[in-house]
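Here chain A shows up in two complexes: once beside chain B, once beside chain C.
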Partner chain A sequence: MQADIFAKRRNESLIFFTLLAILTVGSIIITQYDVLKGFTSIAKALIWGCTNFYPDAGSMQKLADILPKLWETVLMSIASTTVAAVFAILLALAGSRTTRMNSLFSVISRGIASLFRNIPLVAWAMVLMLAFSQSPLTGYLALFFGSFGFLARAFMETIDEVSNNAVEALQAAGASYFHIIFQAVLPSSMPQMISWLLYMIDTNIRDATLVGILTGTGIGFSFDLFYKRLDYHAASLVVLLVVITVIVIESISNYVRRVIL
Partner chain B sequence: MTQIEESIKGWGRLKEKGHINDGMDLSAVKPLNKSSLAMRIILLFLSVLTIYALFTIDYKSIDVPKAFADTISNFKTIFLHPYSHRFSLWEAFYEVVVTIGLAFLTTLFGAVIALLFGLLAAQNLAPKQVTNMIKAFVAFIRAVPTILWVLIFAVAAGLGSAAAVIGMTFHSVSYLTKAYSESFEDLDRNVLEALTASGANWWQIVFQAVIPSSATYLLSWTFLRFEINFANAVAMGAAAGAAGIGFDLFMASEFYFDLREIGLITYLILAFAIALETISLRMKGRLHKRT
Partner chain C sequence: MALLELKNVTKYYNNATPALSEVSFEVREGEFVSVIGPSGAGKSTLLRCINRMIEVSGGEIYFDGVIASKLRKRDLRKLRTKIGMIFQHYNLVDRLTVLENVLHGRLGYKSTLAGVLGRYSEEEKKQALEIIKLLGLTDQVYKRCDQLSGGQKQRVGIARALVQNPKMILCDEPIASLDPNASKIIMDHLRNISREMGITLVVNLHQFNVALKYSDRIIGVNKGMVVFDGAPEDLSAEQISDIYGSESGDLIIEPGEKNAS
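Here is the complex of A and B:
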């Protein structure tokens, strides 16, 4: 019997690794990924990074241009996330199993959330840019739509998980729909929702860089300008500032999470 | 206890003075603890910043109502008339497969490196100094946006799939290291103690106990990351010139201004993304079942 178990286990892992190998080779061929170049480029990039990619005295003078852009990006990320969260709560209440009005509504809400979540951020940014051009509003709206879909789904899961018992108790006591929402559902899922909100803000600051490069707004645009001018010292200063911002915001959210959860 | 007593006292006083109104006595009874105070402060802070941001946006350069109207009509074209002059549906499909290939390679490389890092970052398998070092390193990697990693590598490797895969691998490593090390830490202590007591060395413990018993969770997390990497691969195609459907999306909107082509591409990406989402939701259910 025992030999059988070992043989079965060996066969299973053999099949798994063969499949993995086939998929890997297939992916390498269709993406025209140069394996050798990929691995040697890590060492090359490290050497290049140490010799060229650090802020120097000259780049410090550009700090005055970079900081307002960074502030604008942080503000945009926070504003888009917060506004998206308000809409996402409404959609989540309509879609969640415990608070929905009826099942048809719920299916539609879940569909909307899935649609917004799965349309890539790049597509939002590109389409919005056609009408809004290089305005900060382009980046704001692109982040808004992306966060809206993500938060709506996260909030739906939160409401489903957290508030079942309280809702049943209130329903049994004859509370009205709005009483249930405001006295049971929202208070009990609020800590988890704020945690998601903070996570989204910090994701959005990183995504704002990508959207900025595509649409020419915010900190992404500053990086793109320096990068294309081959001014790597200034570009590295931008990276450094983004890293510091993200780490600061992450530490604040971790602290808040520890207090509220 | 004292907090509750105080609030009861306060309530009594309110009653004596005849100040009863619904809102007031609710707020007097409910003790304001540290957690709800923190939530109020953070919500207030975020709302103030949001309002400030919305008032200081530069609206002057564009005609906002017109831009919204244009965007809506653009979306109508995109979703109602998807079509492409430049390539057939089959060619577009092939480009999505290329994007999936990029995501697959990224996930694979990320998973292999993260497996090692995850073992070193698990508190029950490695000394504290090592876990702290790995955790700090991983936090730094996560703080740099993916696109910046890709562009930094593009200087050394040139724009293309090599830079995209290596750059995206960084974030996968950081995400999976965290997920893997937490899976390892959930492992039953007794198993490890039994193996150590019977004289098994570290590698034997890892390959005979740690990895086999957490394999299902490792696979689920890896698939969740694969879903994220697909979205990332689309973005890198557009912003960093990596191959795949993202690049076509970029060309369609930046160079050809072809809304109908954007529509076709968006539909294709949506179809794949929703399929991946459905599978990963099932995987998540498997992760939640573990108690």
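Here is the complex of A and C:
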């Protein structure tokens, strides 16, 4: 009997990996992707990058143009994320199993959260472009909607995970709904929520570059401009600065996370 | 006079078998009642039906002269302030201090705004500190609850129940997660509460030797039905096997032990 279990387990993994292999090979054939060429061109890209895509002395003069844009992007990411977080908390409270008012509201809230979360950032940017054309507002709103969906979902899970027991105790003591939210749910879940918020700010600075290319704002617009002018040195400086900024913000948020958790 | 009276209380979770069927008993003021029975017998459900954390499917519950099972929202909150509750997993807000957790017991008396902001009167704080002292937690008053041991956490739980000025305290497996030392401290505190403050206690217990030692009365529950209701001295070997559904000889604890301590 026991031997059967082992045989069954082995067969299961065999089937799984066979399916995976078929899927991979199938996709390659259907899309006519040339694997060999794909790998060899990585080397070519690297060589091109090393010879062209690096900041030089000339590009440093453009620093004065780039830095304000970078600053604008950072501020926009922080603003859109924090505002999104406030709305996300409200939605999460309505949708969480622990704090929901009733199941209908909860289902609706969860639906809204997953709708916002599952529409890609790029799609938001393109759709919003139609409404607001190329303006900072478009970029801001695209980041806002993306963060809103993601944070609402993350907050819901945090609330469910963290505060179930204490909520029961406060209910049993005769506390009202708002007492429970402010005295048990928020104190228990705040550190984890802040941690999610910091993560989202990181992510948004990175994404803001992409959104910027599409909506013509912030650092992404600078990159796009330099790139299209074939000024690869300046474009590479932009990339480098974004990387540095993200690393700095990430280490700050790691530090904050360590302190609050 | 009976403080608490259950009349034919029945609870169905789904349509199959009842979690509680036709449970009837009375609890007099100041009594220390233990509810014993195997896991899944309906002990927790029974306790939570009393303060309506779980709604009953049938039957009636009287507490302190009112029909608890018929109260509307506001009156239900008022009822719950008179009934403290202690949990197996303490159900504290781990990130808050001992004092803050104890004061949560006052939330049932608070207006929405005062409770949300956590504004407690001087008398309330003084009373909380007195109770904390009584339970030997003075050194821990400003410590966060995640820094306490299990036994200390449970004492915070007891303090939170006491600060409600309750007529009755429901204890759901108060010592199931504690070592023998801490268990004894908790049970001794519960006995003092019952004897010196005259607060009625209904305690779910797994350890029936503890139940025999501490309680004035024992209620044995099996498969949602009361199969024993009487003084600890009257609990015979056959009745124990009725409650636990096995030959008492098979149990780890010898029934003769009840006379030992």
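Heads up, the rule we're going with is that the second predicted complex is superposed on the first by the 247 of 261 C-alpha atoms of A that agree within 3 Å, B and C clash if a C-alpha of one lies under 4 Å from a C-alpha of the other, contacts with A are read in each partner's own complex, and residues count from 1 in each chain.
Just so we're on the same page, a contact is a pair of C-beta atoms (placed from the backbone, for glycine too) under 8 Å apart; a residue touches a chain by one contact, two chains touch by 3 or more.
On a predicted model such as this, the values are computed, not experimentally measured, just so you know.
Colleague: Who contacts more of chain A, chain B or chain C?
Modeller: B
Colleague: Touching A:His179 in the superposition: chain B (first), chain C (second), both, neither?
Modeller: Only chain C is touched by A:His179; chain B is not.
Colleague: Could you tell me if A:Ile247 is touching chain B, chain C, both of them or neither one (first, second, both, neither)?
Modeller: First partner only, chain B.
Colleague: After lining up the shared chain so the two structures overlap, which partner does A:Ile112 touch, if you call chain B first and chain C second: first, second, both or neither?
Modeller: neither
Colleague: Looking at A:Ala79 after the superposition, I want to know if it touches chain B, chain C, both of them or none. Which is it: first, second, both, neither?
Modeller: After superposition on chain A, A:Ala79 lies in contact with chain B alone.
Colleague: Check whether A:Pro191 is in contact with chain B, with chain C, with both or with neither, and answer first, second, both or neither.
Modeller: both
Colleague: In the superposed arrangement, which partner chain does A:Ser27 touch: chain B (first), chain C (second), both, or neither?
Modeller: first
Colleague: Quick check for you: in the superposed arrangement, does A:Leu137 touch first (chain B), second (chain C), both or neither?
Modeller: First partner only.
Colleague: In the overlaid three-chain picture, which partner chain does A:Ala123 touch, first (chain B) or second (chain C), both, or neither?
Modeller: First partner only.
Colleague: Report, in rising order, the residues of chain A that make contact with chain B in one complex and with chain C in the other.
Modeller: Touching chain B in the first complex and chain C in the second, residues 190-191 of chain A appear in both lists.
Colleague: Can you list the residues on chain B that touch chain A in the complex?
Modeller: Residues of chain B touching chain A: 34-35, 38-39, 42-43, 46-47, 49-50, 52-54, 56-59, 61-62, 64, 66-68, 70-71, 74-75, 78, 97-98, 100-102, 104-105, 108, 139-140, 142-148, 151-153, 155-157, 160-163, 165-166, 231, 234-235, 238-239, 243-244, 246, 249-250, 253-254, 257, 259, 262, 265-266, 269-270, 273-274, 277.
Colleague: Help me check something: in the complex, which residues belonging to chain A touch chain C?
Modeller: 163, 165-166, 168-176, 178-179, 181-184, 187-188, 190-191
Colleague: Mind pulling up the chain C residues that touch chain A in the complex?
Modeller: Listed in rising order, the residues of chain C that touch chain A are 51, 53, 76-81, 83-85, 87, 89-96, 104-105, 107-110, 112, 115-118, 157, 160-161, 164, 170.
Colleague: What part of chain A is in contact with chain B in the complex they form?
Modeller: 20, 23-24, 26-28, 30-34, 37-38, 41-42, 44-45, 48-49, 53, 75-76, 78-79, 82-83, 114-115, 117-123, 126-137, 140, 190-191, 194, 197-198, 206-207, 209-210, 213-214, 220, 223, 227, 232, 239, 242-243, 246-247, 250, 256, 259-260
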